[in-house]
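What follows is a pair of complexes built around chain A, which joins chain B in one and chain C in the other.
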Partner chain A sequence: MKALSLLLALFVGFLLIGVLDDLPAWGDAKSPANSYVSAYYLKNSMEQTHVPNVVTAVLADYRGFDTMFETGVVFVAVIGIMAILRRDPKEEDSETGDRPPHAPPEGFILGVATRFIVPFMQMFALYVIAHGHHSPGGGFQGGVILGASLILMAMTGELESALDRMREKWFIVLVAGGFLLYAGVGLGCMFFGGNFLDYSALAPLLGGDPKAAAIMARYHGMLWVEIGVAFTVMSSMFAIFAYLSSDGRMDRGL
Partner chain B sequence: MIWPQDLIWTYDFTLLVLVVATAALSLALKDLMGAAIVFGTYSFFMCLLWTVMGAVDVAFTEAAVGAGVSTVFFIATAYNIKKEAKD
Partner chain C sequence: MAWVEVHYNYLLVIILLMTGLWAMIGKNNLIKKCIGMCIFQNAIIMFYISMGAKKGATIPILKHVPGAHGHGPESYISDPTIYANPLTQILMLTAIVVGVATLGMALTLVQKIYREYGTCEEDEILNCMSEEQDHELPLQDELKA
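Our next item is the complex of A and B:
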């Protein structure tokens, strides 16, 4: 069996290396991927959305529908993890004896360093979310950093100290709330007479010159959906860590 | 950014070797905790590779999710199950 799987892996590996030649060269301006839509985005995204970072413009605006359901995938993943790992703490179970020993981290320096670094992490995360239009980053990365700051608190102290900041009942509320904020922005566009997730329909909210407002509405619409993504990702990251580290019981960490 | 032609080749080659080496090592290690940590370094080298190719947004995601949070998830899981892989 082992020899067979090795043979199969080698075969597929050689197959993959064999077709490498047919791929377009790296950075080839004439490759199919670069010829049609990419060229359109690069040419028009700045004047259509006023967002310098083309990646954000593509992710949150031109392909906003994709990103919305990527957020939905995170939501479904958290539901799956809760369904598998979550346990009622009041319920008696016989497996308790199998758990590895609890070793709470000790030390004054660890605690002080964490308390020192966490505000900076969260500030940087907010910057990444809000500045994703202009620099690398956006809701997903910022949300992960926010979640990581909570995870850091849970790892260097007790799980309880991080749960004080975000209770278990808030996990699913925030995960669903971020997705609903994203979908709500899309529905708001429909309310103002546009297509789903066509942010330019939100222009009446901004007022002023309608043509400029339509462009800026796309800019601000992207910010709102990024905030939605950040909520979902932040709480899902912390929820996954909390369930994994406490074996679904929420009583103690690693 | 314009790199001298030979410099970027050396960079790419070193990074590719490190990516393959860490990927193979993380599969070969019997100790799950060690494998998780080596997998984190693999993600970090992937992140550097994305940066060299100019995909900064992807590199950022790889650094935050791959090298950061998912390593923590693996460690949390490895701590709660048996320490050694059977195979």
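Our next item is the complex of A and C:
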């Protein structure tokens, strides 16, 4: 079986090497992937959205639907993990006997260093979310950093100490809340007479010169969408870690 | 071997793809299969990112026109040739996060299987399952009779 699978993998590899010549050269600026729609994004995103970070502009505006349902995938994954792994802490079963005795992680330096690092991580994450329009960053990246700060707390201390900051019942609220915030911005656009996720419809909220406001509304709409994504990603990262590391018991973790 | 110079990024991707595929099919341990899936996923991510690279281009964040301080479109350079392709980066940005979520889902299923059978080895699980069937079948016969 092992030899057969190795053979199959090698076969696929040789097949792919066979078509190597037809692929565009490394760093070719004129390759099909680099020619059409991406050039349009780079040329027009500044005029249409006022966001210098083209990645954010395309992510949250041009491809807003895609990002929304990617967030939906994360949401569904967290629901699935909860449904499969979660146990009621009250009905503790006989399996507890097999578990190794509780040994809280020790280490003075580890604890103090974590306590120093975590606030700065979270501050940096907020910066990454809020400044994602002008520098590398955005909702996904900032959300992952926020989630990582919680996971760091859970790993160096005990899972419970991190759960004190982020209760289990908040997981689903934040995961769903982020997704709903995203969809809510989209629905808000419909409420003001635009298409779903057409942020320029939100211009009346900003006031002022309607033409300039339409572009700035795109800018602000993207920010709200990114905040929603950050909520979902942060709590999903921590929820996945918490359920997996404690085998669904949510008591003490690894 | 001129093609190696222009295509070596794809070569690395193909090696990673083969590794991941082999791990997913050939390995007996479910956790190792998950690791193989992860390697496969990362190979695809590298493939996309290397497709979007351009020689001499910078990151797709618009640069200021030298000397300009405004925030309007006129004070940014929007010449597509000097920026890398943003589209592939966006696709992979979301794919990474979704990849983490699906990996979490996969590990969850593995953990559930471990809870049921007490092992992550594929052949042992299959053994357990066939034993269970052997036990169940006589019972059903009894019920029918």
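By our rule, the second predicted complex is superposed on the first by the 244 of 254 C-alpha atoms of A that agree within 3 Å, B and C clash if a C-alpha of one lies under 4 Å from a C-alpha of the other, contacts with A are read in each partner's own complex, and residues count from 1 in each chain.
Keep in mind that, in the parts below, a residue touches a chain if its C-beta (ideal position, glycine included) is under 8 Å from a C-beta of that chain, and two chains touch if they have at least 3 such contacts.
Fair warning: this is a prediction, and the values are worked out from it, not measured in the lab.
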| item | value |
| --- | --- |
| Superposition-derived comparison: chain B or chain C, residues of chain A touched | C |
| Chain B versus chain C as contact partner of A:Leu197, first or second or both or neither | neither |
| Contacts of A:Met155 with chain B and chain C, given as first, second, both or neither | first |
| Touching partner for A:Trp26 - first (chain B), second (chain C), both, neither | both |
| Which of chain B and chain C A:Gly137 touches, first, second, both or neither | first |
| Which superposed partner A:Asp247 touches (first chain B, second chain C, both, neither) | both |
| First, second, both or neither for A:Ser38, with chain B first and chain C second | second |
| Partner chain(s) touched by A:Ile145 [first = chain B, second = chain C, both, neither] | first |
| First, second, both or neither for A:Leu16, with chain B first and chain C second | second |
| Touched partner set for A:Met1, first chain B, second chain C, both or neither | second |
| Doubly contacted residues of chain A, that is, touched by chain B and again by chain C | 26, 53, 55, 136, 138, 140-141, 144, 237, 240, 244, 247 |
| Residues of chain C defined as touching chain A within the complex | 3, 6-11, 14-15, 17-19, 21-22, 25-26, 50-55, 57, 59-62, 71, 73, 76, 78-81, 83, 85-90, 93-94, 96-98, 100-102, 104-105, 107-109, 111-112, 115 |
| Residues of chain A touching chain B in the complex | 26, 53, 55-56, 99-100, 128, 136-138, 140-141, 144-145, 147-148, 151, 155, 237, 240-241, 244-245, 247, 254 |
| Complex contacts: residues of chain A adjacent to chain C | 1-2, 4-6, 8-10, 12-13, 16-17, 20-21, 23-29, 31, 33-34, 37-39, 41-47, 50, 52-55, 58-59, 63, 66-67, 70, 73-74, 77-78, 80-81, 84-85, 134-136, 138, 140-141, 143-144, 233, 236-237, 240, 243-244, 247-248 |
| Touch list for chain B against partner chain A, complex | 53, 56-57, 59-61, 64-65, 68-69, 72-73, 75-77, 79-80 |
